[in-house]
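My questions all concern the structure below.
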């Protein structure tokens, strides 16, 4: 039994508020338990210089945390004058994950920037960010379609994408770790999966002891279980058929 | 008649959600119409090196905007590697405003950092930030009192403080400008006022034509009207006697 | 009676040396007592990218202090690798103040950069900078006229502009504060006024106790007295009719 | 058949030159085909401030590439004034990988910094860096033992660690990708494995299409094959019994 | 005959204004023709951490140019966020030059920072800076002696130091080059010489053709002539016996 | 007799490995005793913006040290976020030295960047860098000729260039100082000389006592001896007639 009463293969309460922002072309406030991430999608015509004239679009992401999202305050990266390694790494992960379900040719020479700002952090912020950014991305593409910035029938999104963390705590594989569990995990894995159930990213790290093949397999099983459920929630949020 | 139907001396709808954050010692999500600012107060024991051993505390503030708080996306200051002039200026203003109602000796050698992050911007973000930061500050001081980090009977907060913007649009002085009015204002003024009705800051700027003494007086009248009302809302939020 | 023997409504000795620089299109070394600021105006054809093709010019300013302008040495901002909040704030104030008396259409697509470098600091550096920058600006516009870079009859400067500090020390409002008085002031106000006597900027800050409406009015009276006198000195410096 | 004539499950020629540096406490020049990485280990007494007094040591890593290690020149990060996301990410990966085989208590309050500088890049630089850094680390610990900076019988290194890249090219899983294959890979995976055959890190990324569970399994099989062989080479290099 | 009418072995008009600054412990405004450099010396008790407890002091220098010291405006290094190579190089040169005439043991554990800010530039700014910084340094040491911060009879300054530029223009070696000559010089040399006539620094650079031994000798002869004269001016400025 | 058994006018063992890099257009690993510098030349078509349309090329250089090239580890400049004064100064010196033997018109509108990375440091790194960069530069020009990027008969290199350090230790002038001697030198000089025996740069610095004309002459004699020998080694390396 886990501290918050969940079963080992149970997600925290997941809430997605679509269209949270009145300003962005797409947005979602996503909550994995006490973790809250505001995801916005900014659609602009044109692409970065290195991509011009190739008929393809660009999707990128930036992740950040408010200084007091966490239990003790962290100095702002803007004040430090540079972005830390963790921020860089997660921003790159989110961008890759979303690009995996985008047909950049169908997007045309347009750019979508996904901003994922963690308002409150309690573990799993990167996986919540990916899952929520997909909703903001879908909204922005819909917006672009309505504003005739992408072709009416173009399939810009080739699939959905969601992510979840799994880990081994005291020898037991568990799904969707809050901060309290995350710091105790011997192995920590973030898995990004498409709606079709294929892997986009598998990032497993031994925090304490190294893990064996059987443990890896159990973690992947749990992760697929979680992302399947997240996919259902995403479809419901977007009003799509299950 | 204004675009949003308000009278010239009428505030937008003001909403303050106390204790928005589960992590911070004090917090408030404040809304002035569509402007939404998340204010947190982080209380830590100890003071910066230059203040050590003097028996006095320190209160400071940092203001920032999420990249897509505004209608078009602004690059992150963390990515640019430096903080812009406007951010610096507003952070300093918030810090000075809150220090005006703090008895630093009563606070003791403790530090409170106020983080004001604009989640959505529609004019008046700095005045909303000051008004909301006061609530977060009051909560943090209450928290410190309960945790015996400040003396039980010490009057750390000597008064309340609130702020509002006023401006002249098409020759007419108006209260609490949304973005749409702000960009059209000939004169723009931000006024910070204590609960007792005294001025902490008066910052008036001629955006177009210079303004005369009579216009200045009208703007100050409006500002005092607005801050009096904000003071009532603050007291109600904190459950204090009107 | 003040420490330097002045009356409360008396300016320090004001000296303006026109054309101090052999290199710049306009320049002035301005002294408010022991405060010395070197102001240069650099005129270049063309405007920043965001202003191109609109037929209007641009005026901007940068303020800085030599490291040993003050009584103890301050590290250089170039060495720190970033500009401090105070520098940013004052640079922006100077730019806004000068733009208030510029007809950018009459200036045409040209840029004037005003550099205000404090060689020696004894209070009031930002107000001296604004007052001196106006002289450098006037010289640069005259230079441009002679070099046929602005039209002969265009009224580029619509008025003059000057600035002064006022403050309340031991309950008494005083004009033009040197450093010694500035640090003791309960309220500190910088006021920027056109030659016609209208306000461009009013920036009042309670350093200690908040100030009331009557005190604000006294300070504004003193400031208008001071800027009127500075306007006369500016006209004399430029050889204009009083 | 691969462009360089290797079988799909064959490593490139691996060369490890121990003790390349006369200056460092441990060093190795490692070559995976044309990829050359200089790894040095710097041993210093003491630990970072946040770790003091806990009786444990610290191991960290920094990865970088010479500007012309690659086929076209990349600007230096020192000149850009900041470290890119990729550099940060790989530095963190190397540090985590080596810490997985260190008993920090046995190391005592000492710090080892591993510098992995890519002199020539042809794919697999991060995996070569991890594999080479292990040799430099082992040398530095031996050096410390000889210099009585760690206890004679302490088992500071609990195991060896090596890493290899695997990927799917044209549907075929392959081991140890040179640059030419890396850019064509649909899926790219870096796997860090201990001498005992357990996983320290598994990082798989779909570059093109997402990958399924069967593909993931084949890649892991190949990776274990490769790291087993690297482990033998490491033991031979260090003169240990196979 | 040179453009400004001087003989090839003649200095420009040299002016040194002692005690220019009311704030610094030592200061001099030095002019080599139209080149004007403000030199201040800041004396503080204590030394940098790496020098503590050794009974020796520290002298260092920082050189900078106002943005409009030159004929066209150069962006500020503080705004760029970093110091350029030329600034670094000259700052280091000034520091080394002054340290050559300081007995750091006699100085005791005190630090003197020399700030050399170019107010107007017309060639030879680094040599003027060294020559003027010596005066500021001498004043600061005198100030320290009067304030009993160095021992009364300690010989802190072991000699004087001055610097001059020489160069070959159209095949002719010339002394003290203004900007106009400097840009045309085939060879450019800066020479720093003690009052005793020994070399502290010799920095010769072929701008166009390489130079031979005979040319080098002529340049050194000229430089010694110039620095001898500068030494006389320095002694006169300080009221010392010739 | 010197610590390493050399005569005062004897070079350390000099080794130059041409074509060390498979990636660069030109490269050399140069060794002056234990000092090892990897020099690469990157040839690209086009020139920086400020040089466009003038029919001339550009040669520039960047110098850096690996963090553990030295006996104790130095933090990376990329991590510090800025380049130090010493790095800047040496990079500029290398660039000037190589440009002295380039006919930029014959090079045409092409750019060559010389990267000199110190892999191991034992004194004389800047002089080794210049001497090795010449080889890399010659290779790159040969490469460009073969690839028809410069005209077949154009004399792009007008001469060779080499550099050596000399210094006075315990009153004795010595050639080619290793680190151990360098730190003890009273005077330290770096001299850059063309194949024809003319000076490109002479940089002499009194580290302790100032030096007189006779000492300067002895140092120059030694330097010319050393660079003559280096020129022979360079010619042999490039397979040119002696």
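Labels for the chains are A, B, C, D, E and F, by order of writing; each one numbers its residues from 1.
Everything that follows uses one rule, which is that a residue touches a chain if its C-beta (ideal position, glycine included) is under 8 Å from a C-beta of that chain, and two chains touch if they have at least 3 such contacts.
Predicted model only: the values in this text are computed from it and were never measured.
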>> Once the contact rule is applied, which chains count as partners of both subunit C and subunit E?
In response: none
> Can you tell me the least number of steps between subunit A and subunit F, where a step is a move to a chain it touches?
Replying inline: 2
> Looking at CA centres, what chain is most distant from subunit D?
Replying inline: C
> How many degrees of rotation carry the C-alpha atoms of subunit E onto those of subunit F, rounded to the nearest 5?
Replying inline: 180
> So what's the Cα centroid distance for subunit A and subunit E, whole Å?
Replying inline: 59
> In whole angstrom, how far does the Cα centroid of subunit A sit from the Cα centroid of subunit D?
Replying inline: 28
> Can you give the whole-Å distance between the Cα centres of subunit B and subunit D?
Replying inline: 51
> For subunit D, what residues touch not just one other chain but two or more?
Replying inline: 81-83
> Round the ring starting with subunit E, subunit F following: which chains, in what order?
Replying inline: E, F, D, A, B, C
> Hey, which residues of subunit D end up touching subunit F in the complex?
Replying inline: 21-24, 27, 34, 38, 40, 42, 44, 62, 64, 66-73, 76-83, 87, 113, 115, 117, 119-122
> Which of the residues in subunit B end up touching subunit C in this complex?
Replying inline: 82-86, 88-89, 91-92, 96, 100, 159, 189, 193-194, 196-206, 209-213, 216, 220
